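One chain, chain A, links the two complexes that follow: it is found with chain B in the first and with chain C in the second.
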Partner chain A sequence: MPSWPANPKYIGQSTLRIDAEAKVTGRARYASDIQADGWLYGMILRSKWPAAKISGINLDKAMQVPGIKAAVKARDGEFTVRFYGEELAAVCGTTKQACLDALRAIEVKAEPKNEFAVREDDAIKDGAPQVWDGVANVTTGKLRETGTVDQAFTECDAVIEGFYTTPVQIHNPMETHGNTVSWTDDGVTAWASTQGVSSVRDALSGALKLDHSQVRVLTDFMGGGFGSKLGATVEGVLAARLSREARAPVRLMLTRFDNALAVGNRPSSFQKIKIGAKADGTLHAFEMENYGTAGIGAGADAGGGGGGADIPAPYIYKVPNTRVKQSVVAVNAGSSRAFRAPGHPPAAFGMESAMDDLAAKLGMDPLEFRLKNDSNEVRQREYKIGAEKFGWKEKYQKPGSSPGVVKTGIGCAGAGWPAGGPSRRTQGEAQINPDGSVEFRLGVQDIGTGTKTVIAVVAAEMLGLKPEQITVRVGDTNFPPGPGSGGSTTCASISPTVYDICDKALQQLQTQSGIADARGDNWFAACKKLGITPLVVSGNWIDGLSTRPAYGVQFAKVEVDTETGLVTVKKVLGVHDCGLIVNRNTLESQINGGIIMGMGYALYEERVMDDLSGVVLNPNFETYKMSGIGDVPEIEIVLLNMPERGVIGIGEPATVPTAGAIANAVFNAIGARVPSLPITPAKVLAALGKVPPPAVSQT
Partner chain B sequence: MKAFEYATALSTDSARELVADHGAYLAGGNDLLGLLKEYLVPGPDILVNIKSLPGLGKIEPGKEFWTIGSLVTVGEIERNEEIAKVFPGLHDAATEIASPQIRNVATVGGNLAQHSRCWYFRHRDTVCLKKNGDLCYARNGENRYHSLFTGNSCISPVVSSLATTFAALDATAIVLREGKEAHMSMAGLYHRAWENPLAHNSLDNGDLVLRVEIPTVRSRSAYLQVSDKHAFDWALVSCAAAAEVVGGKLKSPRVALGSISPVPHQVEAANSFLDGKTLDDATVSQAADMILAGATPLEHNGYKVPMAHALIRRALLKLKG
Partner chain C sequence: MKNTEPEKFGAHSRRTFLKSLGTVAATAATAQVQSVAAELEKANAEKTVGPGAVPVTLNVNGEKLQLMLEPRVTLLDALRNYSSLTGAKEGCDRATCGACTVLLDDLPIYSCQKLAIEAQGGEITTVEGLAKNGDLTPVQRAFIQKDALQCGYCTPGFIMSLTALLKKNPHPTADDVKHACAGNLCRCGTHPHIMQAAFQAAGMPVASKTEVIDYA
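Right after this comes the complex of A and B.
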């Protein structure tokens, strides 16, 4: 059985990103920076109706706009659009302005439908306009029941009921979606902002009816994906078609406006929860009815587990008597896609809120209540370490007992991420040159998480070199295939693969050089013995060096102004496990990002749909609010290093418990539950009973 | 974006002449660029760069009043140490506006003249009242950011933090209109938006804000706002208060609120009530009641009432020093 080095030099330490300088100086070229020879701008025309029959699209006038080189329809013939922002056509031209002008020149013959439903509560009503003709908006729902729930509730000493809701969260990676595609007689090259060069290659070749071997996808640097960049998607196929027509590379990067409409989102949830416990605090009965929307799609094409709106319940807890019913609601809005830990942040918010509400009813400390009911050993350890660090015992006071106008509160919540394990088909290769230089090539991609650095760290450790001596190349379908960067699987996939490559390389070097141990000081001498032919070694993922799942808990401290409703997060402490720590600073960076994103989910982010016009009302960062520098609190991270478990991914679990912990801290501060994310000043004031009812509507 | 000409004006007269009937002045350009990109206004046929106009970029202290030129940037107000002492409310308002990058180019004139931030007005595919459409989508729609008071069917609020503060300081905007200098109070500068859904303020096309004069009679001032976020976010409600305090008693007090009405919301009866009063919890609470009397909360903006109440009380109590 292979095992990680016992006294590592680099593994578990902090190595600066090997591409830090390239990124900071701007030398790094992201997908959106690519300027292929003779490239053209590409842009997409989108439906301005939430529901319409499209009977014709005329591109003639668009083609007459000076500078326009090609225009294509998204679909031929008559078709139906089902959300505001659905793709209709695309153009490419020599300037951005030419494209903008051309989009306005396209004539669309449309028959808008006056009836549509963009909000969950409208779509579930009897007689609601159907998003898909002849298909009910609401799925019948799956019922899952264990034990005897109704009777169990009668056996409980404390029961609470709550209606916990979470909004649709829009995918907003810093780099918008898109790519540059060049289609020549030799095939297609796509420089894509993607989490999966292989999946984009497969999807593009499928859509364009080309052999896989004719499509090459490159992703040198990309600016975040969070689950929404795993396929070629519409913008990839349209860019390719435009490129073929125009016989030039086409760069089609979406605008922030586009991103708000059509690149996916986290489904909403409307969780009606009833939960009960015995007097000693043992959970005894749980019932949840949940619905949420995945937009127009409850699609299998969403990939990565983001298709439906179901959430795990009763999340990380085991309740002997449990009844869960969930359904998905179709609305006339952009489809969901996998979103950083699909299903988990809403599940953690709902369940962890219910846990604190029940703890309050029982008169129990919510942390004690968790320790009693959460049987997971890792989280038990994490809660205890966290409580100590956070000063839980000293800081905890009963809900609402904080004095004054600005009240402080603390809360905690847990996460379990079942994935995070490896993709077993991961492959890679290294080329060791006679001069001692070494290059690793893996068909994985670095989505900003530090994948390249992880490869360098593991390789340096194994070969006895320094990380900066390792050249790392990723993001190319010409390299041995790697996994898509989703499900927090990347680190656990590539680390054992690099281990295997190094292991084989050292054996081969020993054979060829006659030097028993080619590592470290002997490296250059051993390589020199290769003569004039570099050594190329392939490897793949091997068992015993990685595992899953990952567990984490977070603690939050907030201040709530009870007169203005403003919530200020003062501190978040994350205690996380991800097995063997490979590179500490990029790991901490992931957790920082997860917490900051979780905070946005807790307090700011929400897609707002207008039911009259059917548009997304906040398709920009002015009104789609995300955590900013003024909002981010002190973040403290404690990592459980467990080398014996091997490598586990952390990307997703880091963002799961944040909203629940913050929501519970708000509850602890003001003694009233804000059961709905985001927790805005308006909702805090409403929870405190301070908001007057609407005046009689004037028109 | 519609094609336009571009010219740089070197005098206010030539600026006015160049802008003619269908042009637009360009200073910081923050608001203008957004309007043009989204086709929210009929495209101007000429942009007249006014950044080189002489004399409009100065902050001039004075015994009776200070003069702040319309080309002074929000960042310059924020960094002016004398302003922080003489008009602390104005300083605080400036620090809350947008981001440092925007404050460095945003001008006083542009901040006062900015258009509505209503998300229906700003949306490229909704034709609301303010864009000459038939209805206000917000009234029965998503109105969490909208007005508690209005004199017409549009409920888009004024969001200029400087206007809120200038109103409390009883500042006057001097506007070049038809070759003459018109003096407008903040109430006057926005009155048209109160009665006309198409208006964002009382300025005609071609009117040019030259400067703002702030009387020095109120040595105490305060500005507070609450936003969803802690930085770079619009105020849900903003409140400014200003007064002289003589022997513990308020003299010439003024309170104004932003983001709850198409105009800086001021109630003269409340100002009179406060005159001569000592600042205590009961007094400021009573004043807040008077200022918010008649508020008409809609489905989603009722929270602004208690929020505004708190800000009025706090801003007034801050005047104690």
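Right after this comes the complex of A and C.
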């Protein structure tokens, strides 16, 4: 059985990101920076109707705009659009300005439908306009029941009921979605802003009816994805078609507006929870009915390729008597896509809120209540470490007992991320040159998590070299295939793969050079013996060096101004495990990022639909609010090192518990529950009874 | 909603804009009328440029960039699409994300909100122009050392904002740093490390609050 070195030199330390210099000097070329010879600018025309029959699109006038080289329809013939922002046509030309003019010149013959549903509560009503003809908007899954729930509730000493809701959240990576695509007689090359070069290659070749071998996808740098950039999707295919028509490379990056409409989001949730415990605090009965929307990506005919809106329940707890019923609601809005820990942040918010509400009813400290009911040993340890660091015992007061106008409160919540493990099909290769230089090539991509650096760290450790001696190339479908960067799987996939490559390389070097141990000081001598032919070694993922899942708990401290309703997060402490720590500083960055994104989910972020016009009202950063540097609290991180478990991913677990912990801290501060994310000042004031409840999307 | 009707675009000049503004203002009969009239007079004396491409000269990173641009082309667009300087990034194209931040005469500006023709005559510095002969600036070095970047797309903008801050205020407080970066968004959530990098670049002490505890 392979094992990681017992006294590592680089693994577990902080190696500076190997591509950081490229990023701080502007040298790094993202998909949106590619300037292929003779490149053209591309743009997409989108539906301004939430539902319409499109009977004709005339591109003639657009083609007459000076500088325009090609225009294509998104679909031929008559078709139906089902959301504001659905693709109608695309143009490319020598300048952005020409494209803007051309989009205005496209004639669209449409019969807008006056009836549509963009909000969950409208879509579930009897007789609601159908998003998909002949298909009910609501798809209800199988009822899941264990134990005897109704009987069990009568046996409880305390029962609470709550209606916890979470909004649709938009990914909003800083680099929008898009590609530069060049279609020549030799095939297609796509520089993609993607989390999965292989999946983009497969999708493009499928849509364009080309062999996989004729499509090459390159992603040297990409500006964030968070789950929304795992496929080529419509914009990639349109760029390729434009390139074929224009016989020139086309750079087609979406606008910020486009990004809010058509390339994914996190489904909403409307969780009706009833939960009961015995007097000693033991959870005894749980019931949840939940619905949420994945946009048009719901209903039986989910043409949008979206995910569902189901969430794990009763999340990380084991309740002997449990009944769960979940539905997915189709609305006339862009389809959901995987979003950092799909299902988990809403689940953690709903369940952890209910836990604190029940603890309050029982008169228990919510941390004690968790320790009593959470059977997971790692989280037990994390709660205890966190409580001590955070000073939970000293700081905790009963909900609502903080004096004054600005009240303080503390809260906590837990996570359990079942993925984070490896993709067992990961492959890679290294080329070791006679001069001692070495290049690793893996068909994965670095989405900002530090993948390239992790490869260098593991390779340096194994070969007895320094990380800066390792050249790393990723993001190319010509390299041995790796997984898409989703599910926090990349680190656990590549680390054992690099281990295997190095292991085989050292054996081969020994055979060829006659030097028993080619590592470290012997490296150059061994490589020199290769003569004039570089050594190329392939490897693949091997068992025993990585695993899953990851856990994690977070504690939050907030201040709530009871006159304005404003919530300020003062501190978040995250206690997280990810098995063997590979590279500490990039790990720390990911946890910071998870917490900050979770804070945005808790307090600021929400896609707002207008039920009258069917449009997204906040498709930009002045109205869709995300955490800024001024909002970011003091963040403290405790990393629980568990090298005996091997490598596990961290990207997702770090964002799971934040909103629940903050919501519970708000409850602790003001003694009233704000059951709906984002926790806006209006909702806080409503919870305090100072203003009527704001009109939120509730039935 | 977007207006997708064809419309004559790009033919607006400062003069026609001020004319329509003047009408509104005159109707309102406010005190601003006089100043608007004065502006109008001044504008009438100006030569209308465009809508076709006109020669534009930009001083970028100490070099002259001579381009033919429609007057409606922004500075960001000019840099990214008419030169090889793609360091300034486009995140929103509407003055909300700060990824396009460059320095114009040492002041940080959103290059997506400045027409290229208006930026003529000024000294423009992009992220590519910071390092001299390969020597990184203290801000760039601190970003590397403190891992103040993840995907890196917002990084040039933050670096330009902090470069401008430290030039003006070499020993900033935490609030100064937050204020300077208030116009820059980062979706990866790198802010704590950006704060650390700002202090490190200023030669001030930096504390990390991360601890590793062995489970076994």
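Everything below uses one rule, namely that the second predicted complex is superposed on the first by the 682 of 699 C-alpha atoms of A that agree within 3 Å, B and C clash if a C-alpha of one lies under 4 Å from a C-alpha of the other, contacts with A are read in each partner's own complex, and residues count from 1 in each chain.
Keep this in mind: a residue touches a chain if its C-beta (ideal position, glycine included) is under 8 Å from a C-beta of that chain, and two chains touch if they have at least 3 such contacts.
All values derive from a computational prediction rather than experimental measurement.
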Legend entry - Fit or clash - chain C, chain B, common chain A: clash
Inset, instruction - In the three-chain superposition, say which chain, chain B or chain C, touches more residues of chain A. - result: C
Inset, instruction - Figure out whether A:401 sits in contact with chain B (first) or chain C (second), or with both, or with neither. - result: neither
Inset, instruction - Determine, under the contact definition given at the top, whether A:222 touches first (chain B), second (chain C), both, or neither. - result: second
Inset, instruction - Would you check which partner chain A:613 touches, where first means chain B only, second means chain C only, and both and neither mean what they say? - result: both
Inset, instruction - Name the contact category of A:478: first (chain B only), second (chain C only), both, or neither. - result: neither
Legend entry - chain B versus chain C as contact partner of A:48, first or second or both or neither: both
Inset, instruction - Give one of first, second, both or neither to describe whether A:97 is in contact with chain B, with chain C, with both, or with none. - result: both
Inset, instruction - Would you check which partner chain A:184 touches, where first means chain B only, second means chain C only, and both and neither mean what they say? - result: neither
Legend entry - Which of chain B and chain C A:629 touches, first, second, both or neither: both
Inset, instruction - Applying the touch criterion given at the start, work out whether A:64 contacts chain B, chain C, both or neither, answering first, second, both or neither. - result: neither
Legend entry - Steric overlap of chain B with chain C in the superposed model, located at which of 114-122, 132-140, 150-158 or 204-212: 204-212
Legend entry - Residues of chain A contacting chain B in one complex and chain C in the other: 48, 84, 97, 100, 613, 615, 622, 627-630
Inset, instruction - Write out the stretch or stretches of chain C touching chain A in their complex. - result: 1-7, 9-10, 70, 72-73, 77, 80-81, 84-94, 96-97, 99, 126-128, 130-131, 136, 140, 143-145, 147, 149-156, 159, 177-179, 181-182, 184-195, 208-216
Legend entry - Sites on chain A touched by chain C in the complex: 12, 14, 16-17, 19-30, 32-33, 35, 41, 45-46, 48, 61, 84, 95-97, 100-101, 103-108, 172-176, 221-224, 226, 253, 255-257, 378, 381, 385, 389, 447-450, 577, 581, 584-586, 588-590, 592-597, 613, 615, 620-622, 626-630, 632, 634-644
Legend entry - Of chain B, residues touching chain A in the complex: 1, 117, 119-120, 122-123, 125-126, 137, 139-142, 144, 153, 226, 228-234, 236, 296-303, 305-307, 309-311
Inset, instruction - In the complex, go through chain A and note every residue touching chain B. - result: 48, 84, 97, 100, 561, 563-566, 568, 603-604, 608, 610-613, 615, 617-619, 622-623, 625, 627-631, 680-682, 685-686, 690-695, 697-699
